[in-house]
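The structures come next, written out as structure tokens.
Each of the next two complexes has chain A plus one more chain, namely chain B in the first and chain C in the second.
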Partner chain A sequence: MSEEKKDVESNDEKSSDFDIDPNPKQEWQTREKVMAEKVAERFELDAPVVFRGQYEFTVEASRIVQILRELKEDEEFAFNRLTDVTAVDYLKLEGYEERFAVLYFIYSYEHKTHLRLRVWVDEDDPRLPTVSGVFGAANWGEREVYDMFGLEFIGHPNLERILLPTNFGSFPLRKDYPLRGRGERDDFPRLRRGEKEDL
Partner chain B sequence: MADLKATGLTSKGKIPTEPFGDRAISFEPEPGLGEGRMILNFGPQHPATHGTLRLSLELEGEIIVSAKPDIGFLHTGFEKLGENRNYNQFITVTDRMNYMSAMSNNVGFALAVEELLEIEVPPRAQAIRLIMAELSRISDHILCVGLQGMDLGAFSVMLWSFIQREKLYDVFELTSGGRLTTSYTRVGGLAYDLPDGIIPRIKAFLAKVPEIIDEVEYMLSHNRIFIDRTQGIGVLTKENAISYGVTGPMARAAGVDHDLRRDRPYMGYQNYDFDVPVKTEGDAYARYEVRVQEMRESLKILDQALDNLPSGPVNCLGGKVRLPGKDEVYTKMESLIHHFILSMPGHGLETPKGEIYHATESPNGELGWFLVGDGTSIPYRARVRPPSFYNYSAIRTMIEGKPLADIVSVLGSLNVIAGELDR
Partner chain C sequence: MGLEDLLPPFFATKLQTLLNWSRKNSLWPMPFGTACCAIELMSTLSSRYDLSRFGAEVLRFSPRQSDLLIVGGRVCVKMMPVLQKIYLQMPEPKWVVSMGACASCGGVFDTYTMIQGVDQFIPVDIYIPGCPPRPENVIDALQMLQEQIGSGKK
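Coming up: the complex of A and B.
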């Protein structure tokens, strides 16, 4: 909490020593805005999607490794931690250009700023380069994305299923995979309604 | 036929030739394995794995040449389930992720949904959530420290910490009705307000905690066996901690001075006075020390929070977010309408079309939620960033080149919760 804010608080009805700072978000949201502007200028990216004060850039798959490496190594940005890698299957949502998007959540310990990068992945050719050479965390994160969505990370040192058994036939977090029923266990017999299992 | 039944397969089903894929234990000698080397399976059922973790180790003598972690034994498909349950139903699922500190998970998820809806709960609800999150941090750390002692032979520490955890669970039971799976928060508030007379009870419990922490420290901190088996063991360097996305007490023990409660405050943490303990050694002993000190800091926060607990409602009232109280539903037309809108299938919460990431500092580290709202009351995608997953991914750097016996000490200090790791 800054000194100014404390003073303002103490002027009004605060008599106890318990200060209340109602909106701590403002401070880091301005910081992230400045950071996002710098990133956009440096890498000549399109305007970010801003929602609830969070910034997200869309990047071509071919540039993601280079951009993440520079964001990590350049002290101006110092995004040294990959918080998470995940994907979204937009099969059932209207108005998106491709089916899959891979999201990279990066964080800078130095500037205490978050940033999100998005890479669109084509449904017919679900491949993109790996960033596990830049961040150690991407190793398991990308394996999980492969496990759940079937997106292939080219150049990954050990791209195999991580949570599901290696002989699992499908990718369960894709939107066409049912919650239960057909496709749940691919090596079990498939039954129809009313059919009884013949033991 | 009898054989088929025993395997759980039917005559219709194709019997897979490799039932467990790569996970089948091979009795063939590994090609390329040198003289004097062997493969050892550590887990999945081993008392020191605290859940179901498996490490496939290549040993030379008792030195680990390479370790291959194999996870997923407790995979339950929580993220898939999240896409088929509405936001409030999913809160019960969050309990099962980190079952050592279910309250923390409840709070984290509720905050993420509220961030998506851009609402804020009343101050009393915030303070109660904060109290519960800190209590669960104590419950998590006290157990982890106890189990770390037990793994190394100090059994009584574990029993003492379990006694305290039971008392803490009594508090959770009185507030939420559940001991382990609490499901206490709701989107836009809490399931219930605190019951009468709970504050003195929490204070009575908290008055004893420093005593217990002292006792644990007395038993472990200067214990020669404990020190020999933790100091310099399982060293995680700061570079590796950052690169592998390690967070929480593990990262702070490795010199990463970062705590979301201080650096990106949520839920009113900016109003409380506390320190963030940081060590630079990065070994199992440093992790133990950080956890013990964090418990003391949590006590500080709790003292302030309990003394300054605001009064007022615990739910967002008047909006179409939180179910109105039963007395209102029975007497007011408008509340009855809200009740129906919120509970009928196909209606419910109206979420904006947008994507947010919200993170809280759970006892294990950064617990993040990535939610994709599509306008309905069911998340289009509910991704959890589990701290244990990334914390555990760094294990190879800590045990390779070290003796086999180190693994027990390292696993005890990581506090990997398999429910959260595999989800």
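Coming up: the complex of A and C.
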């Protein structure tokens, strides 16, 4: 029994993917690395953040549409799928450029590689251009970011709330929004017994 | 059977008592199921527990054809106007059962978009505790409601 247990433990240690070798051995890691190098060279981007073999580039808001369009349409990259658009609020956290960051997760079916792009958004002027003209999938993703964080996507065809009711006044995923809300959940008329329908 | 000979060919009662008796034994529930309570409600209605034994088998998804609103599950800020509209659309007399912890008090979901009890905004007659309640609890609640309707309290 004790020997079996030892075997299991040692296997667990081996299969842990927390420490990824800087010199990749597996095929997918090489693929991601080569693609990231190509992207960095083509668009003259700063060194990416690497975590668990995933690459993330920081891009200025003014360039995001053009970069995404080229990444999608150029056959060398062929990032033809936008997996997700989301945002992060770094309120009062030190060491970050701005309060908000918008993240674009893209994937290439052809080359089987992932990539993540980060755009910093200013707290006082939370606006950035829409990429829904490049990826149709960005339409709802950007609406969700607007709904939850209040970031405005310039040129979006239909920038309305997508999850919350349209008259909801706040942006609940901002870190300064209280968990129990600002009274939105208590703001309804109270119906009485025998009340008639207003036809 | 010969039983007819023993009973008088008529019986005397008050009109209101007759109305209450007929109302309590022909409840038409309207399920407003938004979460797991609705699954338990389905179980209550199906053959093992068989709510129709107690005179409430005709489930209608149309508020105009029902008189018992069973609110089962979480109600969020976006759903509350819908629930109020459904309540207003139901013809009188009508009764409301708040089924489960979420509908009664918000349950564990004490967040910005969850209504902390539907009784804040619509009148509720019976609360069922539980998360979700057992079918027996639902049957018990129905019988309590029938008792109240029959005695003319509601």
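For this structure, a couple of remarks:
One rule holds for everything that comes next: the second predicted complex is superposed on the first by the 154 of 199 C-alpha atoms of A that agree within 3 Å, B and C clash if a C-alpha of one lies under 4 Å from a C-alpha of the other, contacts with A are read in each partner's own complex, and residues count from 1 in each chain.
Basically, a contact is a pair of C-beta atoms (placed from the backbone, for glycine too) under 8 Å apart; a residue touches a chain by one contact, two chains touch by 3 or more.
Bear in mind the structure is a predicted one, so any value in this text is a computation, not a measurement.
In the superposition on chain A, A:F135 makes contact with chain B only, while chain C stays out of contact range. Between chain B and chain C, B contacts the larger number of chain A residues. In the superposed model, A:N80 makes contact with chain B only, not with chain C.
In the superposed pair of complexes, A:R116 makes contact with chain B only, with no contact to chain C.
Looking at the shared chain after the overlay, A:P172 reaches both chain B and chain C. Taken together, the two structures place residues 164-165, 172, 177, 179, 188-189, 197-198 of chain A in contact with chain B in one case and with chain C in the other. Only residues 77-78, 80-81, 84, 87-89, 92, 110-116, 120-123 of chain C touch chain A when the two sit together in their complex. On chain B, the positions that touch chain A within their shared complex are 5, 9-14, 16, 18, 20-23, 71-72, 75, 77, 79-81, 83-84, 115-116, 118, 240, 242-245, 256, 258, 263-266, 268, 270-271, 304, 308, 354-357, 359, 366, 368, 370, 372, 374, 380-381, 383, 385, 389-390, 393-394, 422-423.
Touching chain C in their complex are the following residues of chain A: 164-165, 168, 170, 172, 177-182, 184-186, 188-198.
Of all residues in chain A, only 1, 16, 18-21, 24, 28, 51-52, 54, 56, 80-84, 86, 88-89, 92-93, 103, 105, 109, 112, 114, 116, 135-137, 139-141, 144, 148, 160-167, 172-173, 175, 177, 179, 187-189, 197-199 touch chain B in the complex they form.
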